[in-house]
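Note that chain A is present in both complexes that follow, paired respectively with chain B and with chain C.
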Partner chain A sequence: MAMVRKGLHIKMGKSYLQISTSRVLLYIFITALVCFTAMPLIYVVVTAFKPIDELLKFPPQFFVRKPTMQNFNDLIVAVGSTSVPFLRNIANSVFTTVVTVFLAVFVSSLGAYSMAKMDLPLKKQIFSVIVAALMFPGEVTTIPNYLIVDGLGMINTYWALIIPKVAGAFNFFLMKQFCEQIPTSLLEAARIDGATELKIFTRIVFPFLSPAWATLIVFTFTSCWNDSSGPLIYITNEAMRTLPIAISSISTGGLARQGAMTAGTLIMTAPTIIIYTLMQRRVIETMAHTGIK
Partner chain B sequence: MATATIAKDTSKKRVKAKKVKGGGVSSTSAVITAVIFFIPFFVLFCIFTIGPVATSLYYSLTNYDLIQTPEFVGLSNYQGLFLDDELFMTAFKNTLYFALISGPVGYLMSFVMAWILNDMKGRTAFALAFYAPSIASGTAMSVVWGYFFSPDRYGLINNVLTNLGIISSPILWTQDPKTILPCCIFIQIWMSMGTGFLVFMAGLQNQNRELIEAGSLDGIKSRFQELFYITLPQMKPQLLFGAINTISGSFGVFGVITSFAGFPTPNYAGHTMAAHLYDFAFVKFEMGYASAIAVILFAITFAAGKLCMWMLTDKD
Partner chain C sequence: MAKKLDINAAAPKQKFWNLKRKENMNGYLFILPWLLGAAMLFIFPIYRSLEMSFSNIINYTDYTIEFVGLTHYKTALTGDTEYLNSLFNNIKNMLQTVPFVNVFSLLIAVMLNRKFKGRTLFRAIFFLPVILGSGFAMGQLMNQGVDKEAMETVKEVLLPRQVAIYLGEELTNAISVFLNLISTIMWKCGVPIVIYLAGLQGVPSSLYEAARVDAATEWEMFWLITLPMITPMMLLNMVFTVVDSFTDSQNWLLRLIERTSFSGDYEYEYAAAMAWIFFVWIIVLVAVIFLVMRPFINKVKDN
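Let's look at the complex of A and B:
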């Protein structure tokens, strides 16, 4: 809030009256550009409601003329034709994503707080390893990760989709940088008042970190919900397949499945966008502290 | 576990209070609590991040087919990659080509976008529209790209180009070795501006406004001078975080290309190091060889990351 006021003040200070043609042109240009970058998403939304004749029409058209829900019925039929009902796929995705998000937020904030504000030994060294880990492309660790998940006996269990994602370098990094903002005096006061560390964490630290965990929720949710390689590698049991796998399995159905495919794409995409929209303000607040110094 | 922590804590609080006055000296029990808080993260991080990198290093020196025990072969996997594997050299070149274009271009574009949007009204809405495509799933987006770049007259781009009279017959975007990589670079730039954009946006919003006012008193005239002399030096930490995120995304590229042109790509035109790795690990089951590819890929991203750190960290 204070920041917004400051921003306004600056603008007033500068020549705010110059709302010139160049300004208007800039707005037009940016609007056009944003429409362009958002085009794939707009396409996803409109196409999901196209009746089959519009989908196959030539020349192809971008927008929908006679919207219909038929594609969603087709989707349920197409996916449900395998032995596993579509709702089960959705439930698998929701369950693994929610548990991962919950554990990731909890484990990362506990660890990050310990590193930022407690007497953790070797914190500098461990932190530089975590920063280095930000640069690991996920592809590099696919093979050993498989062997480890296999060695822990987690193949074909939901844990295979959850546990490897709980302690990510990216999540930890965000959390730790944000934890540095907690006023140390507040913690010391609580300690002198006799609060235990666990109480300090749950009563003071965790609420303070709310923008950071909003951010973690967005990123972890997105990466789990969209993950198509994990379920492909770790899960062979059809009943445990998640949404991305179920949807890409119908993409091989050719033209007849095209309607179902568009509906599936919308179902895949919508939750991440909705969650991000709800959290955007807090996400940007967190990101301000992510710099590497 | 929880009760143990609490018990330790009660004994600790007096020591801790003393520490505040004395300063600096940490008590054993404070260290123990810190370690207990840190352990869940640390154990999982070691098992699923550090462990895999370490085992990759080891397997890269072995022959390993997942069934028999790994047989130590020294550096021969690396020797094979660089001396006898022409396909690896193709993958190597493609990866560099892809990363050196998509990385810097995407990075610059997301910064410029954040900079322009930052003092526009309604930036929240613009930011949402700009960022949203990059959190949509690759699986979902490949459907869209499939339609945009469809190699027949149904494809949106071919359709538009035909109507404009630029081309007479449809371009085979997804099959022509000449167009595969450029198209994927285009898609990657489009899709990958997200995280960097958010970080930059946040950094810009939290600039020290007093510096800007001071600058305008000191003779900063244009927005560009302000950008180069005041904004960018202030934002180095965010610039670095953005760069590091871009690097790991652009060198590890695989998914975008596979969903665009299949696997393997026609004439290996879009064969990247990650694709080569996938091929040896999950098609040919030569884990040792695949691990050597992983190690090289990691070395490259790490070197690029270090370079960025060196460029964007204050040396004083």
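Let's look at the complex of A and C:
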């Protein structure tokens, strides 16, 4: 670079590594902010390895002094004493979450495509209802929701955990914004070649939307995996309980179960983090794209 | 588009299933599954809660209702001090956090928009709270006050007691209030940062080049180019943060609403009225934001 910058110059072999003062400040500042953001997560991980005396210490310490696997053993003991095997809870959670994610992605991309690319009468009205519904918190409609799920005869079935989550307003909004970017000429070309609408959808639209799926998968997965209110309301059969319910019942065991609880929390959080890490780049891109338009 | 052609004008007789109708049919078929689900489990319950807020439930087995007019609204707005207090606290909180969240996320977005090593990693971390924030595990931790514990220990690291003694009590308190505020705000910045980033990347680089030729400083460029160019994102973010703070499950008011409907007297009708008052206030706030921001946004378009 011809321009001479102020700051630090470090000699590395033949070339000089230039570090300008502003860049150093940038790193310091951004690292500090990242610390604040990532702190609770680090705390979850660290706490799961703390022995019981460190867990109950006051004032609490951030880092673990004598890491131990005791909490995980406690967790196994705690879940071993329940009437329903813990593996069944995990299977319940995995099954409902996977089915919900699959249906949500399919149903919302199908609907969003027709909303974005076909001119339906009443399309504007439908869309504005969706946007208004985005502002309404779900907690408020619990009772009417229960009445409908009950009316459909889905109480104590897995459907009660799946169906209410499939048609979310957020999913639809995100997909619709993303569908707007599909070039119309591509669809027209397919139409001229005699492709049916269903074929256009499966061959062109669905693959085009793949970054948006990634985002939907992450969000739907997180909300299903962590949902603790749905199973409490719709499910009374103990064998059908999902993971969050099983883990929160551990914490009712009192102080002695504190360790098992921290290990359970870590295990609950891990799949979410893994899914996010796998899809993170696409999630952020999609959020950015749908933000502009 | 093929369907825009007026085929019917040329044909002497109109069939019922003309091309236009057939295409509409296809579109509706596609949207039907979603619409059915949304109408039944999303739109209809919202309508039911509005209906119930004007009524009393007389039978709790099949939820038959009796219309009582504005009674619940009157009670909430005149008699219930707990509700009014949490409503005002919520409004106060919202008015405090919305500007802070916007300033912080713009600042972070500007930094993340520069090219430097590890940028992708930093972006991912800043977005992490969006994924975790709604999480069950996080909710458990917050309930146990673990986030406060974590904050205390962070404070110990950043501001050791030995230093705190030198600074004096008032200054230490001010700093700890500030640190608490940052952590609360950082957890709400995930989506706004991404939206601002998208906005920043949409600003044409020719504008900056022209400004550089005219010997503008970075500071001037920020105020005269960047900021006016991203006002649409600002509007979007303001609305987003307002709505987000409303639907946030850590929200005090939502807790109160939940408690009213599911414990004690099971006054669901009253809780529904509480929720609708809050909902109307949010809509008004969003409308005000739109009205205030509109002149600025139009100005950019004219230029």
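By definition in this document, the second predicted complex is superposed on the first by the 256 of 293 C-alpha atoms of A that agree within 3 Å, B and C clash if a C-alpha of one lies under 4 Å from a C-alpha of the other, contacts with A are read in each partner's own complex, and residues count from 1 in each chain.
Criterion: a residue touches a chain if its C-beta (ideal position, glycine included) is under 8 Å from a C-beta of that chain, and two chains touch if they have at least 3 such contacts.
This structure is a prediction, so every number in the text was calculated from the model and none was measured.
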**Item:** Fit-or-clash call for chain B and chain C when the two complexes are aligned on chain A
**Value:** clash
**Message:** Quick one: is A:N226 in contact with chain B, with chain C, with both, or with neither? Answer first, second, both or neither.
**Reply:** both
**Request:** Look at A:G194 in the shared chain and tell me whether it touches chain B only, chain C only, both, or neither; answer first, second, both or neither.
**Result:** first
**Message:** By the touch definition at the top of the document, which applies to A:P207: first (chain B), second (chain C), both, or neither?
**Reply:** neither
**Asked** Just which bits of chain A does chain B share with chain C as contact spots?
**Response** 26-27, 30, 33-35, 37-38, 40-41, 43-44, 47, 59-60, 62, 107-108, 110-115, 118-121, 126, 129-130, 133-145, 147-148, 163-164, 166-169, 172, 188, 191-192, 197, 201, 218, 222, 225-226, 228, 244, 248, 251, 261, 265-266, 268-269, 272-273, 276-277, 280-281, 283-284, 287-288, 291-292
**Fill in**
Residue positions on chain C within touch of chain A in the complex are 1-3, 23-24, 26-28, 30-38, 40-46, 48-49, 52, 63, 108, 111-112, 114, 116, 120, 122-129, 131-132, 134-141, 146-147, 149-154, 156-157, 182-183, 186-187, 189, 191, 194-195, 197-199, 201-202, 233, 236, 243, 246-247, 249, 251, 254, 257-258, 261-262, 268, 271-272, 275, 279, 282-283, 286
**Message:** Under the definition above, what is the set of chain A residues touching chain B in their complex?
**Reply:** 3, 6-7, 10-11, 13-14, 26-27, 30-31, 33-35, 37-38, 40-41, 43-44, 47, 58-60, 62, 107-108, 110-115, 118-121, 126, 129-145, 147-148, 163-164, 166-170, 172, 188, 191-192, 194-198, 201, 218, 222, 225-226, 228-229, 233, 244, 247-248, 251, 261-262, 264-266, 268-269, 272-273, 276-277, 280-281, 283-288, 290-293
**Prompt:** Can you list the chain B residues touching chain A in their complex?
**Reply:** 2, 5-6, 9-10, 12-13, 16-17, 20, 26-27, 30-31, 33-35, 37-38, 40-45, 47-53, 55-56, 59, 113, 116-117, 119-120, 124, 126-133, 135-141, 143-145, 147-148, 153-156, 159, 163, 190, 193, 198-199, 201-203, 205-206, 209, 212-213, 216, 235-238, 240-241, 244-245, 247-249, 251-252, 254-255, 274, 277-278, 281-282, 287, 290-291, 294-295, 297-298, 301-302, 304-305, 309, 313-314
**Message:** With touch defined as at the start, can you tell me which chain A residues reach chain C in the complex?
**Reply:** 23, 26-27, 29-30, 33-41, 43-44, 47, 59-62, 107-108, 110-115, 118-121, 126, 129-130, 133-145, 147-149, 163-164, 166-169, 172, 184, 188, 191-192, 197, 201, 218-219, 222-223, 225-228, 244, 248, 251, 261, 265-266, 268-269, 272-273, 276-277, 280-281, 283-284, 287-289, 291-292
